[in-house]
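Structure record follows, encoded as structure tokens.
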Amino acid sequence: MNLYGVVLWLLTAIINSIAIPIIAWLGNLLWFIRPVTDFAIALLKNDAFLNFVVVFAEAFIILIYIALFIIILLWFERKMWGRFQDRRGPMHVGYAGLLQIFADMMKIFGKEDIIPKKADKLLFTLCPIIVTATAFLALVALPMSDGFVIARLDGGLLFVFAAFSLAPLGVFIGGWGANNKYTLQGALRGAAQMISYEVPLLFSVLGVVMLAGSFNIMDIVHRQTIWYALLQPIGLFVFFTAATAEIERPPFDIPEAESELVAGWQTEYAGMKYGICWVAEWIRMYVGAALVVLLFFGGWNGPWLPQEIWFQIKLWIILIFMIWVRQSFPRPRIDQLLNLGWKRLLPLSIVNIVLTIGIVASGWLG
Amino acid sequence: MAEMWINMGPQHPATHGLWDLRIKVDGDMILDADPQIGYIHRGIEKLGENRNYTQFIPLADRTGYASPMTWAILYVLTVEELMDIKVPPRATYIRTIAFELQRMASHLLFVYGMAENVGAMWPPLVYAYRERELLLDLFQILTGARFHFNYPRIGGVKWDIPQTFEAQTKKALDVIESKLKEYERMFDESEIFLMRTKGVAVLRKEDAIRMGVTGPTLRACGVKEDLRKSEPYMCYSDFDFGIPTGKNGDLYDRWVVRIAEIRESAKIVRQALDRIPGGAVATKVPAAVVKSVTVLDGETGYEDLCVIMAKVPKVIKPPPGEAYVRVEDSRGESAMYIISDGTERPYRIKIRSPIFCTLSALKYMMRGARVADVPPIMEGIDILLSEVDR
Amino acid sequence: MDVTTLLIGKARNVIDYFADPVFNWGRRNSIWMLHLGIKCCALEWGPFIARFDAERFGIGPRASPRHCDLMIVAGPITHKFAPKFKMLYEQMPEPKWVIAMGDCAISGGPFFDSYNIIRGVDKLVPVDVYVPGCPPRPETMLDGMFKLQELIKKRKGGYYTCGP
Amino acid sequence: MSAEEVAGEMKKKFPEADVRIPRASRLTASVKKEVLLDVCSFLKDAGFDHLSSIAGVDRAENFEVAYFLWSYEKKILVTLKTAVQKENPRIQSVIKIWEGANWHEREAYDMFGIVFEGHPDLRRLLMPEDFVGHPLRKDFKLPEVE
């Protein structure tokens, strides 16, 4: 049971009972556009074209969903910060501050766009584009339910990771291109962090992949009769930590560490460029949390409720946990962070792989 | 990566006030540090030479904004030593209470700064401010201002403590002491905080003494030195309190010492509130020449005003001489050196700021540190640029 | 005046008529202030953010001048700092506002006759709102923020001033 | 060792010094600037570890540099004063004895123009580099306020 079926039904209903009759009526009314309408009706009855329309509609829906998601997440996160800090958070813009993020957006749209005189203009402009584009790219292979997925890739997991790990490249060229010492430091830290956390991130997933026997996220979710969080606690821990570092969220927001590097690699970005970077961070947060849900918490599997609702429930629990973590820990130093990555998480993930090989080979799980 | 100089400041999120710490880095390692100060140099010492003795009290408040009360008290203590005035015991007790409350407020500010500079620990940051507000409310009851109180007077204090003050203070102290446990849970049990602070910015005892470091930073190195004990001023000899010291002289010890000092201060305030004697809160300042007090004829209430506003004449002329008085501020030994030439204005006021000396020891603390350590190190000495620049 | 300029002017007026309320609504409800703590008044930001919760109105501190809309000058500007202060102001993207907080920033305050103080920050940068007090209480500061919001509400043609 | 004993030893060693004890545990000494370094190293050896402050004073006929020393063991505060002529004021730096004197001397140089010989890095500390004049001198007048 999922909402995707409903959406699909709605779409076919719209095409069959509204679009086709209207086009046919138009063709009858105006004889000179008759060939065009005939062609359109033929297209709409063609399965291949319909598939294309469906994928396009899906992508559109997911885009809208992500936009809404970020808006609600930002509001929610701010409200939660407020509660953690014994205050109220946004209150006065819209009901309970719900429109706060719109106000921020409007303001950022209207800001002057500064490119520093001595910056490398191309790289400086490219950075927000790369960071945001890769974040959106990861969404392509990220399913929400049996139906809601734009591309059903066999190597979906690898695709997500590939897209996910491109962003620090953007960070690096942006930080270098801004011609500022703080951005350069931030960019170097970003690069170091990327290299050292990519490895444990991928290794920790290998256990899941071995259990499921597939790189396809849909398959992984389908084969989770028991949550992999229970079978792979080490993997979950390593993955969660490494993912937090990968998406540069506090406490691992070392590339943009506010108290020492001003705003890290984002220091020189003004106006819309800063806004885009900002949005990208939250999309990446979505991707990270969604991966945790999909790989370790059974994805959209659950009784009674539609799949999408289950997915959202689990996703928000993970997000709340991430916000909680953000508020609880100070920021480690870069060398300590790298030590943690190479000397703790990497061995742990390797141990996890060995254990999983043992379990799989012994055939306990059938 | 090649070596390069980074300017941390004058505008930088980690600075309290304005200054420019130029650090030479090789990648992430700090090779050299060259602090540039003076960005908020107001010339208080020169201004003091152009104000009369009473007018300088507000300026003394503004010397160090995290602990204005201690600076104002230090100033009046110096002038009193210059003029050899005996202050009534009740006034001394009130001063001591205010002094220690100020120390607590200042150390809570340190908690805030530590949370911010170790890395965006927002909740304790806001909590520290929340608790500091309790103390500011107390000051508001006592003096009428949140800070920059203009409360101590030469020869006493401005007015007596209000009736509700004692009960409210005790309540606030209870709250703060219970919250201190919360802070300790939040910080001391956080593995990352320990990682960030233990063994960082170690200052050896000998270096600290050689560079003139004082206060909690010195005590964290293991030197049991506190002016409240070793040269008791006001009425500190009446109270029973401990001097917390550290062992290693690292960042964590500075944190522990300061948290312990908040507890000790609370202890002192409680004792002082219990034992506070009665009597006047201000004495008549002797041998002063009242030059030009404008009294409007028939203006009612002027006499009352004179009683309330401690009995200080408008113009004070201390005898020629000099005085150097030191107190244990929340940041260390702060001192004032006032030379009088017998006129109504000080001939010279020299302010010894504790952070000024601690800052010059920075290069010993920065040795082997990383860029990310700079904000916690700065906060570890409880930096306050307003005091340094004067 | 030729017809084209006239038409462009008219078109701008029309766009402004619809765009101004929207942009000004956004600007006045999302004021990010520069983290520039100069002196005592900066200490009152803490209660301003913690106890009086400025985030209710979308006001929050940001570290980099490039991200900020508002510079709160919380103390005296010395001759040593003045050039860098101007640079900071220039680094902020348009539209930007300045609040002179406290007596020192307004006129020099208790240090008015000092040899190193610039008497009034309005000698260096344009100031929109003056918040008096030494230091102003956080409530006063909030009031100053509301005054600034009213000021932003009245802003005309704001959309074009920010363009390249 | 009490203040009297320190005073006695100082008198013995530096007969020209004007040593007085204004009150308990306070000691004031005026010395010639030629013997300043000797006096300082003597005091340092006597246990005065802590250089509290260095204050310049613009007296009518000459500059005065006052050193405030504190001993952690003896609990005595020593005020050591020495006079410097106004024309081309130069004095020996005590930075080799108390390293903490560094910034104090830079400040005195900044505020009074007293040159400390042997100071490794004598630059202006508080005022901008291009500032003309020395603010705390008495002949430096505050700007007129309209």
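Annotations for the structure displayed:
Letters A, B, C and D mark the chains in the order given here, with residues in each chain numbered from 1 onward.
Operating definition for what follows: a residue touches a chain if its C-beta (ideal position, glycine included) is under 8 Å from a C-beta of that chain, and two chains touch if they have at least 3 such contacts.
Treat the numbers as computed from the prediction; the structure is a model and nothing was measured.
Looking at C-D and B-D, the interface holding more C-beta pairs in contact is that of B-D.
Taking the CA centroid of chain B as reference, the farthest chain centroid is that of A. Chain geometry summary: the mean Cα position of chain C and that of chain D are 46 Å apart. Centres computed as Cα averages put chain A at a distance of 65 Å from chain D. One inter-chain figure worth recording: chain B and chain D are separated by 25 Å, centre to centre, where each centre is the mean of the chain's CA atoms. Taking each chain's centre as the mean of its C-alpha atoms, chain B lies 31 Å from chain C.
In chain C, the residues touching two or more other chains are 50-51, 63, 80, 113-116.
Contacts with at least two other chains are made by residues 12-13, 38, 41, 43, 46-47, 50, 125-126, 130 of chain B. Looking at chain A, residues 85, 87, 258, 262 sit in touch with two or more other chains.
Which chains touch which is summed up as A-B, A-C, B-C, B-D, C-D. For chain B in complex with chain C, the residues that touch the partner chain are 10-13, 15-18, 38-44, 46-47, 50, 58-59, 62, 65-66, 109, 112, 125-126, 129-130, 132-133, 136, 146-148, 386.
Of all residues in chain A, those touching chain C in their complex are 78, 82, 85, 87-93, 97, 99-100, 102-107, 109-114, 258, 262-263, 266-271, 274.
Put simply, chain C touches chain D in their complex at residues 79-80, 112-116, 119. Within the complex, the chain B residues that touch chain A are 1, 4, 6, 12-14, 25, 27-28, 115-123, 125-127, 130, 190, 192-193, 195-196, 370-375.
By the touch criterion stated above, chain C contacts chain B in their complex at residues 34-40, 42-44, 46-47, 49-51, 63, 65, 75-76, 78, 80-81, 84, 88, 110-111, 113-117, 134-135, 137.
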